[in-house]
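Here subunit A shows up in two complexes: once beside subunit B, once beside subunit C.
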Partner chain A sequence: MSKPSFVYVTYIRATADKVWSALTSPEMTAKTWFGVRHDTDWTKGASWRLVFPDGRVADSGEILEIDKPRRLVLKWRNEFKPELKAEGWSRCTIEIEPASGDAVKLTVTHQLDGEGDKLIKAVSGGWPRILSNVKSLLETGDTVMKD
Partner chain B sequence: MTMIDVTRFTPKTVYVTYIAATPEKVFRALTEAEFTRAYFSGLAVKIEPKTGGTFQLLAPDGSVHIEGEVVEWSPPRRFACTWTVAGMPGFRDLPACLVTYDIEQAGDAVRLTMTEAHQWDIPDGLLSGGRAGWPAILSSLKSLLEGGKALTIKMEAPTEMLAALAALKR
Partner chain C sequence: MDAVFKALADASRRDLLDRLHADNGQTLGQLCEGLPDMTRQAVSKHLAILEEANLVATIKRGREKLHYLNPVPIHEIGERWIGKFERSRLTALSELKKALEQEKRDE
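Right, the complex of A and B next:
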(Lines of atoms letter the chains of each structure in order from A and count residues from 1; the text may use other names and numbers.)
(Lines give C-alpha, C1' and ligand atoms only; values in the text may rest on other atoms or scores of the structure.)
Protein backbone atom coordinates (compact mmCIF):
# COMPACT_ATOMS: atom_id res chain seq x y z
CA MET A 1 0.00 0.00 0.00
CA SER A 2 1.17 3.51 -0.72
CA LYS A 3 1.19 6.01 2.13
CA PRO A 4 -2.00 7.98 2.84
CA SER A 5 -1.81 11.10 0.70
CA PHE A 6 -3.71 13.95 -0.91
CA VAL A 7 -2.79 15.66 -4.18
CA TYR A 8 -4.34 18.86 -5.49
CA VAL A 9 -3.51 20.65 -8.73
CA THR A 10 -4.74 24.03 -9.85
CA TYR A 11 -3.77 26.37 -12.66
CA ILE A 12 -3.51 30.08 -11.89
CA ARG A 13 -3.15 33.04 -14.23
CA ALA A 14 -0.26 34.65 -12.35
CA THR A 15 3.52 34.49 -12.07
CA ALA A 16 5.24 31.87 -9.93
CA ASP A 17 6.47 34.69 -7.64
CA LYS A 18 2.92 35.86 -7.01
CA VAL A 19 1.71 32.33 -6.25
CA TRP A 20 4.63 31.79 -3.88
CA SER A 21 3.84 35.06 -2.13
CA ALA A 22 0.12 34.23 -1.85
CA LEU A 23 1.06 31.06 0.07
CA THR A 24 3.84 32.46 2.24
CA SER A 25 3.64 36.20 2.95
CA PRO A 26 1.69 37.26 6.07
CA GLU A 27 -0.20 39.97 4.16
CA MET A 28 -1.44 37.36 1.68
CA THR A 29 -2.02 34.37 3.98
CA ALA A 30 -4.18 36.65 6.13
CA LYS A 31 -6.59 36.51 3.18
CA THR A 32 -5.90 33.22 1.41
CA TRP A 33 -5.25 31.02 4.43
CA PHE A 34 -7.95 32.26 6.79
CA GLY A 35 -5.69 34.49 8.86
CA VAL A 36 -2.83 32.14 9.66
CA ARG A 37 0.78 33.21 9.26
CA HIS A 38 3.99 31.25 8.88
CA ASP A 39 6.58 31.58 11.62
CA THR A 40 9.90 30.61 10.04
CA ASP A 41 12.99 32.23 8.55
CA TRP A 42 12.48 30.32 5.27
CA THR A 43 15.82 28.56 5.16
CA LYS A 44 16.45 24.85 4.72
CA GLY A 45 16.48 23.14 8.10
CA ALA A 46 14.70 26.02 9.84
CA SER A 47 11.84 25.37 12.21
CA TRP A 48 8.41 26.18 10.81
CA ARG A 49 5.11 26.91 12.47
CA LEU A 50 1.70 27.90 11.20
CA VAL A 51 0.15 30.31 13.71
CA PHE A 52 -3.48 31.31 14.14
CA PRO A 53 -4.34 35.02 14.53
CA ASP A 54 -4.85 34.47 18.28
CA GLY A 55 -1.33 33.07 18.63
CA ARG A 56 -2.21 29.38 18.94
CA VAL A 57 0.00 27.07 16.90
CA ALA A 58 -1.93 25.20 14.21
CA ASP A 59 0.89 23.10 12.80
CA SER A 60 4.62 22.79 13.33
CA GLY A 61 7.62 21.24 11.65
CA GLU A 62 10.64 22.10 9.59
CA ILE A 63 11.62 23.43 6.18
CA LEU A 64 13.03 20.34 4.44
CA GLU A 65 13.57 21.93 1.02
CA ILE A 66 13.14 25.45 -0.27
CA ASP A 67 13.69 26.69 -3.81
CA LYS A 68 11.76 29.93 -4.13
CA PRO A 69 9.49 30.29 -6.13
CA ARG A 70 9.42 26.71 -7.38
CA ARG A 71 9.43 24.22 -4.55
CA LEU A 72 8.81 24.08 -0.82
CA VAL A 73 8.83 20.88 1.25
CA LEU A 74 7.61 21.05 4.84
CA LYS A 75 7.83 18.48 7.58
CA TRP A 76 4.40 18.99 9.12
CA ARG A 77 2.55 17.93 12.22
CA ASN A 78 -0.81 19.17 13.41
CA GLU A 79 -0.64 20.79 16.86
CA PHE A 80 -4.18 21.86 17.72
CA LYS A 81 -6.28 18.74 17.30
CA PRO A 82 -5.07 15.82 19.48
CA GLU A 83 -6.49 13.17 17.15
CA LEU A 84 -4.58 14.68 14.22
CA LYS A 85 -1.40 15.27 16.20
CA ALA A 86 -1.52 11.62 17.22
CA GLU A 87 -1.01 10.59 13.59
CA GLY A 88 2.44 12.17 13.72
CA TRP A 89 4.54 13.62 10.94
CA SER A 90 3.53 14.28 7.42
CA ARG A 91 5.25 15.90 4.47
CA CYS A 92 3.76 18.72 2.46
CA THR A 93 5.25 19.50 -0.94
CA ILE A 94 4.28 22.66 -2.82
CA GLU A 95 5.42 22.88 -6.44
CA ILE A 96 4.94 25.79 -8.84
CA GLU A 97 5.75 25.20 -12.50
CA PRO A 98 5.21 27.15 -15.67
CA ALA A 99 2.34 25.70 -17.69
CA SER A 100 2.52 25.88 -21.45
CA GLY A 101 -0.15 28.57 -21.68
CA ASP A 102 -0.92 31.72 -19.73
CA ALA A 103 -0.92 30.09 -16.29
CA VAL A 104 1.29 28.40 -13.74
CA LYS A 105 0.59 24.93 -12.40
CA LEU A 106 0.42 24.69 -8.61
CA THR A 107 0.61 21.22 -7.08
CA VAL A 108 0.22 20.51 -3.37
CA THR A 109 0.98 16.98 -2.20
CA HIS A 110 0.39 16.09 1.42
CA GLN A 111 1.54 12.65 2.56
CA LEU A 112 1.43 11.05 5.98
CA ASP A 113 4.63 9.30 7.10
CA GLY A 114 2.77 6.63 9.05
CA GLU A 115 -0.71 5.18 9.09
CA GLY A 116 -4.03 6.91 9.62
CA ASP A 117 -6.71 8.76 7.70
CA LYS A 118 -7.66 11.72 9.91
CA LEU A 119 -4.94 14.21 8.95
CA ILE A 120 -5.24 13.47 5.25
CA LYS A 121 -9.03 13.80 5.50
CA ALA A 122 -8.62 17.15 7.25
CA VAL A 123 -6.15 18.56 4.72
CA SER A 124 -8.28 17.21 1.86
CA GLY A 125 -11.00 19.53 3.07
CA GLY A 126 -8.69 22.47 3.73
CA TRP A 127 -6.41 22.65 0.70
CA PRO A 128 -9.15 23.14 -1.93
CA ARG A 129 -10.48 26.10 0.08
CA ILE A 130 -7.04 27.70 0.52
CA LEU A 131 -5.94 27.09 -3.06
CA SER A 132 -9.25 28.32 -4.48
CA ASN A 133 -8.60 31.50 -2.49
CA VAL A 134 -5.07 31.81 -3.87
CA LYS A 135 -6.38 31.52 -7.42
CA SER A 136 -9.26 33.94 -6.91
CA LEU A 137 -7.15 36.54 -5.09
CA LEU A 138 -4.44 36.55 -7.77
CA GLU A 139 -6.85 36.52 -10.72
CA THR A 140 -9.61 38.80 -9.45
CA GLY A 141 -8.22 40.67 -6.45
CA ASP A 142 -10.61 39.03 -3.99
CA THR A 143 -10.81 35.68 -2.21
CA VAL A 144 -13.71 33.28 -2.64
CA MET A 145 -13.96 31.85 0.90
CA LYS A 146 -13.79 34.29 3.80
CA ASP A 147 -13.73 31.79 6.67
CA MET B 1 -35.82 6.90 -16.89
CA THR B 2 -32.33 5.56 -16.92
CA MET B 3 -31.24 1.93 -16.76
CA ILE B 4 -27.88 2.89 -15.27
CA ASP B 5 -27.23 1.40 -11.83
CA VAL B 6 -24.99 4.02 -10.18
CA THR B 7 -24.25 1.73 -7.24
CA ARG B 8 -21.96 -0.30 -9.50
CA PHE B 9 -19.61 2.68 -9.88
CA THR B 10 -16.74 3.39 -7.46
CA PRO B 11 -15.31 6.93 -7.19
CA LYS B 12 -11.69 7.04 -8.37
CA THR B 13 -10.99 10.72 -8.95
CA VAL B 14 -12.54 13.61 -7.01
CA TYR B 15 -11.84 17.31 -7.57
CA VAL B 16 -13.23 20.12 -5.43
CA THR B 17 -13.09 23.80 -6.26
CA TYR B 18 -14.74 26.87 -4.76
CA ILE B 19 -16.13 29.39 -7.23
CA ALA B 20 -17.42 32.92 -6.65
CA ALA B 21 -20.66 32.44 -8.60
CA THR B 22 -24.22 31.28 -8.10
CA PRO B 23 -25.19 27.58 -8.33
CA GLU B 24 -27.30 28.45 -11.37
CA LYS B 25 -24.33 30.00 -13.16
CA VAL B 26 -22.08 27.03 -12.40
CA PHE B 27 -24.75 24.58 -13.59
CA ARG B 28 -25.13 26.51 -16.85
CA ALA B 29 -21.36 26.58 -17.32
CA LEU B 30 -21.25 22.79 -17.07
CA THR B 31 -24.20 22.15 -19.37
CA GLU B 32 -24.21 24.89 -22.04
CA ALA B 33 -21.94 24.91 -25.08
CA GLU B 34 -21.19 28.64 -25.07
CA PHE B 35 -19.36 28.07 -21.78
CA THR B 36 -17.76 24.65 -22.39
CA ARG B 37 -16.23 25.80 -25.69
CA ALA B 38 -14.26 28.38 -23.71
CA TYR B 39 -12.89 26.22 -20.90
CA PHE B 40 -13.25 22.55 -21.93
CA SER B 41 -10.54 22.15 -24.58
CA GLY B 42 -12.81 23.77 -27.18
CA LEU B 43 -15.45 21.05 -26.83
CA ALA B 44 -19.14 21.94 -27.11
CA VAL B 45 -21.50 20.14 -24.76
CA LYS B 46 -24.77 18.87 -26.21
CA ILE B 47 -27.36 17.50 -23.81
CA GLU B 48 -30.90 16.25 -23.86
CA PRO B 49 -31.81 17.85 -20.53
CA LYS B 50 -33.58 14.93 -18.88
CA THR B 51 -32.69 11.70 -17.12
CA GLY B 52 -31.99 9.11 -19.80
CA GLY B 53 -31.20 11.79 -22.40
CA THR B 54 -28.05 11.83 -24.49
CA PHE B 55 -24.85 13.61 -23.43
CA GLN B 56 -22.11 14.56 -25.87
CA LEU B 57 -18.99 16.69 -26.03
CA LEU B 58 -18.39 17.69 -29.64
CA ALA B 59 -15.07 18.68 -31.18
CA PRO B 60 -14.94 21.91 -33.22
CA ASP B 61 -15.33 19.84 -36.42
CA GLY B 62 -18.59 18.38 -35.07
CA SER B 63 -17.22 14.93 -34.34
CA VAL B 64 -18.21 13.26 -31.07
CA HIS B 65 -15.33 13.22 -28.59
CA ILE B 66 -17.26 12.10 -25.49
CA GLU B 67 -20.65 10.44 -25.39
CA GLY B 68 -22.92 9.12 -22.69
CA GLU B 69 -26.31 9.19 -21.07
CA VAL B 70 -27.76 11.68 -18.60
CA VAL B 71 -28.12 9.81 -15.30
CA GLU B 72 -29.30 12.72 -13.18
CA TRP B 73 -30.55 16.13 -14.26
CA SER B 74 -31.27 18.23 -11.16
CA PRO B 75 -30.49 21.88 -11.88
CA PRO B 76 -28.81 23.68 -10.21
CA ARG B 77 -27.57 21.09 -7.69
CA ARG B 78 -26.48 18.01 -9.56
CA PHE B 79 -25.72 16.75 -13.02
CA ALA B 80 -24.50 13.21 -13.68
CA CYS B 81 -23.85 11.34 -16.89
CA THR B 82 -22.08 8.27 -18.16
CA TRP B 83 -18.94 9.05 -20.12
CA THR B 84 -17.24 7.16 -22.93
CA VAL B 85 -14.27 8.53 -24.83
CA ALA B 86 -15.54 7.98 -28.37
CA GLY B 87 -13.00 10.21 -30.08
CA MET B 88 -9.81 8.33 -29.21
CA PRO B 89 -9.04 4.96 -30.83
CA GLY B 90 -9.25 2.06 -28.38
CA PHE B 91 -11.13 3.92 -25.65
CA ARG B 92 -14.63 3.42 -27.03
CA ASP B 93 -14.61 -0.26 -26.04
CA LEU B 94 -13.79 0.40 -22.38
CA PRO B 95 -16.62 0.37 -19.81
CA ALA B 96 -18.19 3.82 -19.48
CA CYS B 97 -17.38 5.87 -16.40
CA LEU B 98 -19.81 8.00 -14.43
CA VAL B 99 -19.13 11.71 -14.03
CA THR B 100 -21.09 13.57 -11.35
CA TYR B 101 -21.03 17.29 -10.68
CA ASP B 102 -22.34 18.35 -7.27
CA ILE B 103 -22.98 22.05 -6.74
CA GLU B 104 -23.47 23.29 -3.18
CA GLN B 105 -23.73 26.72 -1.63
CA ALA B 106 -20.66 27.47 0.51
CA GLY B 107 -20.90 30.88 2.15
CA ASP B 108 -21.33 33.40 -0.66
CA ALA B 109 -19.72 31.00 -3.09
CA VAL B 110 -20.24 27.56 -4.59
CA ARG B 111 -18.44 24.33 -3.85
CA LEU B 112 -18.20 22.31 -7.06
CA THR B 113 -17.29 18.64 -6.67
CA MET B 114 -16.49 16.54 -9.72
CA THR B 115 -16.49 12.79 -9.11
CA GLU B 116 -15.27 10.34 -11.74
CA ALA B 117 -16.44 6.82 -10.85
CA HIS B 118 -15.78 3.50 -12.57
CA GLN B 119 -17.63 0.21 -12.85
CA TRP B 120 -14.55 -1.99 -13.31
CA ASP B 121 -11.13 -2.47 -11.76
CA ILE B 122 -9.57 0.22 -13.93
CA PRO B 123 -5.74 0.40 -13.91
CA ASP B 124 -4.27 3.59 -12.40
CA GLY B 125 -2.57 4.36 -15.69
CA LEU B 126 -5.92 4.75 -17.42
CA LEU B 127 -7.00 7.18 -14.70
CA SER B 128 -4.01 9.42 -15.34
CA GLY B 129 -5.65 11.22 -18.26
CA GLY B 130 -8.56 12.37 -16.14
CA ARG B 131 -6.36 13.14 -13.17
CA ALA B 132 -4.28 15.45 -15.35
CA GLY B 133 -7.22 16.88 -17.26
CA TRP B 134 -9.83 17.70 -14.63
CA PRO B 135 -7.69 20.20 -12.67
CA ALA B 136 -6.92 22.10 -15.88
CA ILE B 137 -10.53 22.08 -17.07
CA LEU B 138 -12.06 23.06 -13.75
CA SER B 139 -9.38 25.70 -13.05
CA SER B 140 -10.23 27.20 -16.41
CA LEU B 141 -13.97 27.08 -15.59
CA LYS B 142 -13.31 28.94 -12.34
CA SER B 143 -11.30 31.61 -14.17
CA LEU B 144 -14.06 32.00 -16.75
CA LEU B 145 -16.83 32.47 -14.20
CA GLU B 146 -14.89 34.72 -11.84
CA GLY B 147 -12.90 36.87 -14.24
CA GLY B 148 -14.65 36.40 -17.58
CA LYS B 149 -11.69 34.73 -19.25
CA ALA B 150 -10.84 31.04 -19.41
CA LEU B 151 -7.25 29.83 -19.22
CA THR B 152 -5.37 28.57 -22.24
CA ILE B 153 -3.53 25.54 -20.93
CA LYS B 154 -1.85 23.30 -23.45
CA MET B 155 -1.81 19.81 -22.03
CA GLU B 156 0.92 17.32 -22.75
CA ALA B 157 -0.03 14.15 -24.62
CA PRO B 158 -1.52 11.55 -22.23
CA THR B 159 1.39 9.16 -22.67
CA GLU B 160 0.80 7.25 -19.43
CA MET B 161 -2.86 6.70 -20.31
CA LEU B 162 -2.04 5.53 -23.84
CA ALA B 163 0.61 3.14 -22.52
CA ALA B 164 -1.92 1.73 -20.03
CA LEU B 165 -4.41 1.22 -22.84
CA ALA B 166 -1.81 -0.55 -24.97
CA ALA B 167 -0.90 -2.80 -22.02
CA LEU B 168 -4.58 -3.63 -21.53
CA LYS B 169 -5.05 -4.64 -25.16
CA ARG B 170 -2.10 -7.04 -25.10
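Right, the complex of A and C next:
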Protein backbone atom coordinates (compact mmCIF):
# COMPACT_ATOMS: atom_id res chain seq x y z
CA MET A 1 0.00 0.00 0.00
CA SER A 2 1.15 3.54 -0.70
CA LYS A 3 2.22 5.67 2.25
CA PRO A 4 -0.41 7.90 3.88
CA SER A 5 -0.66 11.38 2.40
CA PHE A 6 -1.24 12.96 5.79
CA VAL A 7 -0.86 12.07 9.44
CA TYR A 8 -2.59 14.24 12.05
CA VAL A 9 -1.81 13.89 15.74
CA THR A 10 -3.15 15.60 18.83
CA TYR A 11 -2.73 14.82 22.52
CA ILE A 12 -5.88 15.15 24.60
CA ARG A 13 -6.26 15.10 28.38
CA ALA A 14 -9.22 12.71 28.45
CA THR A 15 -9.94 8.99 28.47
CA ALA A 16 -9.92 6.94 25.27
CA ASP A 17 -13.67 6.31 25.72
CA LYS A 18 -14.41 10.04 25.81
CA VAL A 19 -12.31 10.69 22.69
CA TRP A 20 -14.02 7.79 20.89
CA SER A 21 -17.40 9.18 21.84
CA ALA A 22 -16.42 12.71 20.71
CA LEU A 23 -15.77 11.32 17.24
CA THR A 24 -18.69 8.91 16.96
CA SER A 25 -21.75 9.87 19.04
CA PRO A 26 -24.31 12.13 17.32
CA GLU A 27 -24.53 14.50 20.32
CA MET A 28 -20.76 15.05 20.12
CA THR A 29 -20.18 15.04 16.34
CA ALA A 30 -22.80 17.79 16.12
CA LYS A 31 -20.16 19.94 17.88
CA THR A 32 -16.85 18.42 16.78
CA TRP A 33 -17.46 17.34 13.19
CA PHE A 34 -19.27 20.25 11.47
CA GLY A 35 -22.68 18.96 12.53
CA VAL A 36 -22.57 15.62 10.73
CA ARG A 37 -23.63 12.28 12.19
CA HIS A 38 -22.54 8.74 11.44
CA ASP A 39 -25.11 6.31 10.08
CA THR A 40 -23.78 2.82 10.88
CA ASP A 41 -24.24 0.06 13.44
CA TRP A 42 -20.49 0.12 14.29
CA THR A 43 -19.67 -3.50 13.49
CA LYS A 44 -16.95 -4.81 11.22
CA GLY A 45 -18.17 -5.03 7.62
CA ALA A 46 -21.16 -2.74 8.30
CA SER A 47 -22.04 0.01 5.88
CA TRP A 48 -21.12 3.50 7.00
CA ARG A 49 -22.39 6.91 5.99
CA LEU A 50 -21.64 10.44 7.13
CA VAL A 51 -24.86 12.46 7.02
CA PHE A 52 -25.25 16.25 6.98
CA PRO A 53 -27.82 17.84 9.36
CA ASP A 54 -30.18 18.35 6.39
CA GLY A 55 -30.10 14.63 5.55
CA ARG A 56 -27.78 14.74 2.53
CA VAL A 57 -25.08 12.07 2.48
CA ALA A 58 -21.58 13.55 2.69
CA ASP A 59 -19.53 10.37 2.47
CA SER A 60 -20.19 6.65 2.42
CA GLY A 61 -18.30 3.41 2.80
CA GLU A 62 -17.75 0.55 5.16
CA ILE A 63 -16.31 -0.23 8.59
CA LEU A 64 -13.15 -2.19 7.76
CA GLU A 65 -11.85 -2.55 11.31
CA ILE A 66 -13.29 -1.58 14.66
CA ASP A 67 -11.73 -2.02 18.09
CA LYS A 68 -13.54 0.40 20.39
CA PRO A 69 -12.06 2.67 21.82
CA ARG A 70 -8.69 2.11 20.17
CA ARG A 71 -8.93 1.78 16.43
CA LEU A 72 -11.36 2.50 13.60
CA VAL A 73 -10.63 1.97 9.92
CA LEU A 74 -13.15 3.29 7.38
CA LYS A 75 -13.44 2.66 3.66
CA TRP A 76 -14.47 6.11 2.54
CA ARG A 77 -15.81 7.74 -0.59
CA ASN A 78 -17.14 11.24 -1.04
CA GLU A 79 -20.77 11.39 -2.17
CA PHE A 80 -21.69 15.04 -2.54
CA LYS A 81 -19.02 16.43 -4.87
CA PRO A 82 -18.81 14.62 -8.24
CA GLU A 83 -15.12 15.49 -8.76
CA LEU A 84 -14.23 14.01 -5.35
CA LYS A 85 -16.49 10.97 -5.79
CA ALA A 86 -14.75 10.29 -9.12
CA GLU A 87 -11.46 9.69 -7.27
CA GLY A 88 -13.02 6.60 -5.70
CA TRP A 89 -12.20 4.89 -2.44
CA SER A 90 -9.95 6.11 0.29
CA ARG A 91 -9.08 4.73 3.68
CA CYS A 92 -9.28 6.64 6.95
CA THR A 93 -7.65 5.28 10.10
CA ILE A 94 -8.37 6.70 13.54
CA GLU A 95 -6.21 5.49 16.43
CA ILE A 96 -6.41 6.34 20.13
CA GLU A 97 -3.45 5.27 22.28
CA PRO A 98 -2.42 5.93 25.88
CA ALA A 99 0.14 8.75 26.13
CA SER A 100 2.07 10.14 29.08
CA GLY A 101 0.17 11.23 32.18
CA ASP A 102 -3.61 11.33 31.86
CA ALA A 103 -3.56 12.04 28.12
CA VAL A 104 -4.26 9.98 25.04
CA LYS A 105 -2.75 10.34 21.60
CA LEU A 106 -5.27 10.67 18.76
CA THR A 107 -3.89 9.92 15.30
CA VAL A 108 -5.79 10.26 12.02
CA THR A 109 -4.40 9.18 8.66
CA HIS A 110 -6.26 9.37 5.37
CA GLN A 111 -5.09 8.06 2.02
CA LEU A 112 -6.57 7.50 -1.39
CA ASP A 113 -6.47 3.94 -2.78
CA GLY A 114 -5.87 5.16 -6.33
CA GLU A 115 -4.50 8.30 -7.95
CA GLY A 116 -5.67 11.84 -7.30
CA ASP A 117 -5.32 14.64 -4.81
CA LYS A 118 -8.70 16.40 -4.65
CA LEU A 119 -10.27 14.29 -1.89
CA ILE A 120 -7.13 14.38 0.27
CA LYS A 121 -6.92 18.16 -0.21
CA ALA A 122 -10.57 18.50 0.80
CA VAL A 123 -10.31 16.38 3.94
CA SER A 124 -6.93 17.84 4.89
CA GLY A 125 -8.64 21.16 5.51
CA GLY A 126 -11.17 19.47 7.77
CA TRP A 127 -9.16 17.09 9.95
CA PRO A 128 -7.07 19.69 11.85
CA ARG A 129 -10.30 21.53 12.71
CA ILE A 130 -12.06 18.35 13.86
CA LEU A 131 -9.05 17.34 15.99
CA SER A 132 -8.84 20.83 17.54
CA ASN A 133 -12.57 20.72 18.26
CA VAL A 134 -12.32 17.31 19.98
CA LYS A 135 -9.39 18.53 22.07
CA SER A 136 -10.99 21.78 23.16
CA LEU A 137 -14.43 20.25 23.76
CA LEU A 138 -13.00 17.53 26.03
CA GLU A 139 -10.47 19.74 27.80
CA THR A 140 -12.50 22.94 28.20
CA GLY A 141 -16.09 21.91 27.55
CA ASP A 142 -16.46 24.05 24.45
CA THR A 143 -15.29 24.07 20.84
CA VAL A 144 -13.35 27.03 19.49
CA MET A 145 -15.11 26.85 16.19
CA LYS A 146 -18.56 25.37 15.93
CA ASP A 147 -19.01 25.18 12.17
CA MET B 1 2.48 25.54 23.46
CA ASP B 2 5.95 26.65 24.70
CA ALA B 3 7.43 23.58 23.03
CA VAL B 4 5.84 24.58 19.70
CA PHE B 5 7.33 28.10 19.75
CA LYS B 6 10.73 26.85 20.91
CA ALA B 7 10.74 24.29 18.12
CA LEU B 8 9.78 26.92 15.55
CA ALA B 9 12.43 29.40 16.78
CA ASP B 10 15.17 27.78 14.72
CA ALA B 11 15.75 28.25 11.00
CA SER B 12 17.00 24.68 10.44
CA ARG B 13 13.87 23.23 12.01
CA ARG B 14 11.62 25.51 9.96
CA ASP B 15 13.56 24.35 6.90
CA LEU B 16 12.81 20.72 7.85
CA LEU B 17 9.10 21.56 8.15
CA ASP B 18 9.24 23.26 4.72
CA ARG B 19 10.75 20.10 3.27
CA LEU B 20 7.98 17.97 4.74
CA HIS B 21 5.39 20.48 3.57
CA ALA B 22 6.75 20.08 0.03
CA ASP B 23 7.01 16.29 0.27
CA ASN B 24 5.27 14.69 3.23
CA GLY B 25 6.24 11.32 4.70
CA GLN B 26 10.05 11.24 4.33
CA THR B 27 12.59 9.02 6.08
CA LEU B 28 15.56 10.46 8.00
CA GLY B 29 17.80 9.40 5.10
CA GLN B 30 15.69 11.23 2.53
CA LEU B 31 15.67 14.39 4.65
CA CYS B 32 19.47 14.20 5.09
CA GLU B 33 20.01 13.88 1.33
CA GLY B 34 18.43 17.30 0.83
CA LEU B 35 20.56 18.86 3.60
CA PRO B 36 24.23 18.13 2.79
CA ASP B 37 25.41 20.86 5.19
CA MET B 38 23.86 19.20 8.24
CA THR B 39 25.09 16.00 9.85
CA ARG B 40 22.71 13.08 10.20
CA GLN B 41 22.95 13.49 14.00
CA ALA B 42 21.94 17.14 13.77
CA VAL B 43 18.95 16.38 11.53
CA SER B 44 17.92 13.58 13.86
CA LYS B 45 18.15 15.89 16.89
CA HIS B 46 16.08 18.61 15.21
CA LEU B 47 13.45 16.04 14.22
CA ALA B 48 13.26 14.82 17.83
CA ILE B 49 12.57 18.39 19.03
CA LEU B 50 9.90 18.83 16.32
CA GLU B 51 8.32 15.50 17.25
CA GLU B 52 8.38 16.43 20.95
CA ALA B 53 6.45 19.61 20.05
CA ASN B 54 4.04 17.48 17.97
CA LEU B 55 4.90 19.47 14.84
CA VAL B 56 6.18 16.27 13.27
CA ALA B 57 4.29 12.99 13.49
CA THR B 58 5.92 9.69 12.60
CA ILE B 59 4.56 6.36 11.49
CA LYS B 60 6.39 3.09 11.02
CA ARG B 61 6.10 1.37 7.68
CA GLY B 62 8.02 -1.89 7.72
CA ARG B 63 11.53 -0.94 8.85
CA GLU B 64 11.10 2.66 7.78
CA LYS B 65 10.09 5.56 9.98
CA LEU B 66 8.25 8.17 7.95
CA HIS B 67 8.08 11.80 9.10
CA TYR B 68 4.99 13.94 8.51
CA LEU B 69 4.34 17.63 9.06
CA ASN B 70 1.55 17.68 11.66
CA PRO B 71 -0.39 20.94 11.23
CA VAL B 72 -2.66 20.49 14.26
CA PRO B 73 -0.62 22.60 16.79
CA ILE B 74 -0.21 25.39 14.21
CA HIS B 75 -3.95 25.25 13.57
CA GLU B 76 -4.52 25.63 17.33
CA ILE B 77 -2.30 28.74 17.39
CA GLY B 78 -4.36 30.16 14.52
CA GLU B 79 -7.61 29.38 16.33
CA ARG B 80 -6.41 31.07 19.48
CA TRP B 81 -5.48 34.41 17.97
CA ILE B 82 -7.13 34.61 14.58
CA GLY B 83 -10.90 34.82 14.72
CA LYS B 84 -12.71 33.21 11.86
CA PHE B 85 -14.19 36.56 10.85
CA GLU B 86 -10.72 37.91 10.16
CA ARG B 87 -9.63 34.93 8.12
CA SER B 88 -10.99 36.00 4.72
CA ARG B 89 -9.40 39.45 5.06
CA LEU B 90 -6.08 37.94 6.12
CA THR B 91 -6.20 35.55 3.18
CA ALA B 92 -6.87 38.48 0.84
CA LEU B 93 -3.93 40.39 2.37
CA SER B 94 -1.51 37.50 2.05
CA GLU B 95 -2.65 36.88 -1.55
CA LEU B 96 -2.01 40.56 -2.29
CA LYS B 97 1.46 40.37 -0.70
CA LYS B 98 2.29 37.24 -2.69
CA ALA B 99 1.08 38.79 -5.96
CA LEU B 100 2.97 42.06 -5.42
CA GLU B 101 6.19 40.33 -4.40
CA GLN B 102 5.94 38.07 -7.42
CA GLU B 103 5.50 41.11 -9.69
CA LYS B 104 8.60 42.70 -8.17
CA ARG B 105 10.63 39.52 -8.77
CA ASP B 106 9.43 39.36 -12.37
CA GLU B 107 10.54 42.94 -13.14
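Assume the second predicted complex is superposed on the first by the 143 of 147 C-alpha atoms of A that agree within 3 Å, B and C clash if a C-alpha of one lies under 4 Å from a C-alpha of the other, contacts with A are read in each partner's own complex, and residues count from 1 in each chain.
The working rule: contacts are C-beta pairs under 8 Å (C-beta built on N, C-alpha and C of every residue); 3 or more make two chains touch, one makes a residue touch a chain.
Not measured: the values here are computed from a predicted model.
Annotation: superposed three-chain arrangement on subunit A; subunit B versus subunit C shows a clash. In the superposed pair of complexes, A:13 makes contact with subunit B only, with no contact to subunit C. In the superposition on chain A, contact of A:140 is made with subunit B only, not with subunit C.
In the superposition on chain A, A:5 makes contact with subunit C only, not with subunit B. Looking at the superposed arrangement, the partner reaching more residues of subunit A, out of subunit B and subunit C, is B.
In the superposed model, A:47 lies in contact with neither subunit B nor subunit C.
Look at A:25: by the touch rule set out above, it reaches neither subunit B nor subunit C. Applying the stated contact rule after C-alpha superposition, one finds that A:109 touches subunit C and leaves subunit B untouched. Overlap of the subunit B and subunit C interfaces on subunit A: residues 8-11, 128-129, 132, 135, 144-145. By the touch rule above, subunit B contacts subunit A in their complex via residues 16-20, 106-109, 135-136, 139-140, 142-143, 146-147, 149, 151-154, 156. For subunit A in complex with subunit C, the residues that touch the partner chain are 3-11, 107, 109, 128-129, 131-132, 135, 144-145.
Within the complex formed with subunit A, the subunit C residues making contact are 24-25, 54, 57-59, 61, 66, 68, 70-73, 75-76, 79-80, 84. Across the interface of their complex, subunit B is touched by residues 8-13, 99-103, 128-129, 132-133, 135-136, 139-140, 142, 144-147 of subunit A.
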